[in-house]
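Shared between the two complexes below is subunit A, which has subunit B as its partner in the first and subunit C in the second.
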Partner chain A sequence: MFWSLVRKDLLLELRTKEITISMLAFGLATILIYALAFSVSPAMYRSFAPGLFWVIILFASALGLHRMFVLEKEFDAFSLSISAPVDRGIIFLAKWISGTILLIISEIVIIPPFVVFMGLSLPNNWLIMIMIIIIGNLGIMAIGSLVSGLAMRAKMSEILLPILLFPLVSPLLIGSVKATNGWFQGIPFMNWQFWVLLMITFVVVFALLGYTIFDHITEE
Partner chain B sequence: MQRFFSYKINFLSGAVVLVAMVWNIYNIFTNTPMVPDQHWAQKIFYIHVPVAWTGFLSYFIVMLAGILYLINKEQKWDRLGLAAAEIGTLFVTLVLITGPIWAKPIWGTWWTWEPRLTTTLILFLIYVGYFMLRSFGGHPERTSRYAAVLGIIAFIDVPIIFYSVRFWEEQFQSHPQVEITQQIPDIVIPFLVSLIIFTMLFSFMLRFRMHVLKIIDPRNRL
Partner chain C sequence: MLSVANISKSFYHNPVLKNLSFRVDDGDVIALTGKNGVGKSTLLRILARISHPDGGTVIYNGVDIFKGQASARSGILYLGHEPGLYPSLSAIENIEFACRIHGNYPIEENIITALKNIGLSKQIKDPIKIYSKGMLQRLKYALANLLPWSMLFFDEPFSGLDIEGRNLALGYLNAWKANDRAMIFVTHDVEWGLSFCNRLLLLEAGSFKIDQNADSIDVKTIMSGLQ
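Let's look at the complex of A and B:
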């Protein structure tokens, strides 16, 4: 059941490409704005890059999450999927994983222009950065899926979602930026492993919480 | 439904809290010693810390009420959650006001990203979202449920926020006040008394607000 729900979200996206394209276009537009607004020395870009990167990801994911849950609201699709005899926790897990996959796909296309336009030179050990990005995305989507579930049916959900999401996600954002910065500046992993642990804690806590509490969000 | 103050016990506890609070403020200004390098600024500590404590206590109550509401769906837990959230946000706002008032003369700046102040600000913003969710939610039963869920999420996030902010900017690790247990009794005793009086004020406000929420709830107007 879990995989068919994930497959449904991905297939829907594969056919329309709405979410990834809008996240990509939004990401590129933000990079352009950054480049124009902060026309400073490359050294400044270097120190700001990790923060700027995660701000783009956070904004893009708020956009993507909203779109994902608007799709569920159309034709009352969500009521149909929760009327299926399936544990609602599984619905949450499926939303979480498919959201993360969509976010990663968008990032694959956002990162190259980000690096080029900001004129960054990257360290070689990519594996660590990929790990940071995956954990960060899992965290954003765990709390994001929960909050979107809450905001989905409210009035002004498009503004309510970021208002709820940004303060709740702030510890993860701090952790991601610190970890990315550690990698980017070539600081030994030992010195910033705390942040990775913090991110993992965040992911585990909110994935478990989402799994247990999503019942009450979807109840009719 | 009867008026809140027509119950003798409410009237009495209200009077006690009022007298105690007036005395408390008088006591803080007259009977506590001056700390040499902080002078008058230190007095706000007797207000700031109890207010912060009550703020966090009420957010803890929001979480408890949320759990109880989700378990048995009784209206009173929803009212408790909402009342505690409102009062908590009021107190947290006071923390965000009194903190900078203390920081200006001591640190020379209104705002610093000090861990506890930052955690409080983040919590305050989460609760701004909480009230928006309450008012935009639509269907009342669903809104209560969603608010309960958000109250739980918010409180679980608190320790993670605190630890992340604490190690975020290393220069703010120096704590503004020494540990309370290391203070002299002349400071500790009025502080603890103030803490108790603020907690009494909080419990009184909570009961008052719950009573009002029960009266204005359209579901109770039959």
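Let's look at the complex of A and C:
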């Protein structure tokens, strides 16, 4: 059942391309604006690149999440899933995982121009950064899927989503920026492992919370 | 089979449904009628667990659908007033997904046959957002025909259908009725409701004004209640 729901979300995106295009358009436009509008030294870019990267990812995720749940509202399609004999926690988990997959796909396109336009030279141990990105994405999408489920029935869901999402995601985002900065500056992992643990805690807490309460928040 | 007790629901402090209670047994075919905005669709959405009542219980096969596991609702199929399908997916993809989340895994050939039988042989691989209202309605019949439901909630079964579509739909409805499956239809077509269904519920001001066997009701009584 879980994979049928994930498959449906990915198939919908394959047909519409609305989620990835909105995330990519925002991400690439922001990178270009920052790269062209500010004439700062490479050292300066290096100091604010981790923060800038995660802010771009957060805003792009908010756009993608909104589109993801708008697709469920059209034709009242969401009633098909929630009236079916499927645990709504599973529906949340499927939304969370498919959202994370789409975010990772967008990042694969966003990261190379980010590195090039910001003139960044990256450390070699890439696996750690991939791990940080995946945990950060899982966290943003866990909180985002929960908040989107809550906001989707509201009349002004596009406004309600960022209002609820940004404060909730702040500690996770701070952790992501600190961990990325630690990797970027070549600081030993021991010195910034706290932030990775904080991120993992957020992922686990919001995944469990979403699984538990998605049933109640999606009812009319 | 389905026991509804003291269901109530309000919107913005306006009570729409007031302590409604009724029972649906195997083979019951019920027409639920009433004026616009009286809460017919809301009641159907509560029975399908899309909407949550302010109070009351809905017991299906001995399990409270609001407290029991989701699997307890196996056998219930809800077809709402809206298409309830994904506009960007094709008819085949929509039906396949709908069947999967209802625990069925039909092969594509069977889906295509079901679509052909309801007169949807063309554009079955195009996104359904290009479909007319009648075609979307036919799609619901194709879906219902592929699933082994035992309790159907259908909001406006003939909405948007042309004469050919209506006749095809009647064929399906008669077949389902002959199989002793329970069905609740929200309808404004009182004459059809009285002729096809074996029971009629007239909803007015949050309560059932009429809950009787269809053959003991005069059409004029219903029509006067709807005016």
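Convention: the second predicted complex is superposed on the first by the 217 of 220 C-alpha atoms of A that agree within 3 Å, B and C clash if a C-alpha of one lies under 4 Å from a C-alpha of the other, contacts with A are read in each partner's own complex, and residues count from 1 in each chain.
Basically, a residue touches a chain if its C-beta (ideal position, glycine included) is under 8 Å from a C-beta of that chain, and two chains touch if they have at least 3 such contacts.
This one's a predicted model, so the numbers in the text were calculated from it and none came from an experiment.
Asker: For A:189, decide between first (touching subunit B), second (touching subunit C), both and neither.
Answerer: In the superposition, A:189 touches no partner, neither subunit B nor subunit C.
Asker: Figure out whether A:126 sits in contact with subunit B (first) or subunit C (second), or with both, or with neither.
Answerer: After superposition on chain A, A:126 lies in contact with neither partner.
Asker: First (subunit B), second (subunit C), both or neither: which does A:209 touch?
Answerer: Only subunit B is touched by A:209; subunit C is not.
Asker: According to the stated criteria, A:38 is in contact with first (subunit B), second (subunit C), both, or neither; which is it?
Answerer: Neither partner.
Asker: So in the superposed three-chain picture, is A:151 touching just subunit B, just subunit C, both, or none of them (first/second/both/neither)?
Answerer: Touch partner of A:151: subunit B, not subunit C.
Asker: Look at A:219 in the shared chain and tell me whether it touches subunit B only, subunit C only, both, or neither; answer first, second, both or neither.
Answerer: A:219: touches subunit B and subunit C.
Asker: On subunit A, what residues does subunit B touch that subunit C touches as well?
Answerer: Residues 219, which sit in both footprints.
Asker: Can you name the residues of subunit A that touch subunit B in the complex?
Answerer: Residue positions touching the partner: 143, 146-147, 150-151, 153-157, 160, 163-164, 166-168, 170-172, 174-175, 178, 194, 198, 201-202, 205-206, 209, 213, 216-217, 219.
Asker: In the complex, go through subunit B and note every residue touching subunit A.
Answerer: 70, 122-123, 125-126, 128-129, 132-133, 136-139, 142, 145-146, 148-150, 152-154, 156-157, 160-161, 163-165, 167-168
Asker: Along subunit C, where are the residues that touch subunit A in the complex?
Answerer: Residues in contact with subunit A: 45, 48-52, 69-76, 78, 80, 82-89, 93, 97-98, 100-103, 127, 129.
Asker: Please output the residues of subunit A touching subunit C within their complex, sorted ascending.
Answerer: Residues of subunit A touching subunit C: 1, 4-5, 7-8, 11-12, 15-16, 71, 74-77, 79-88, 219-220.
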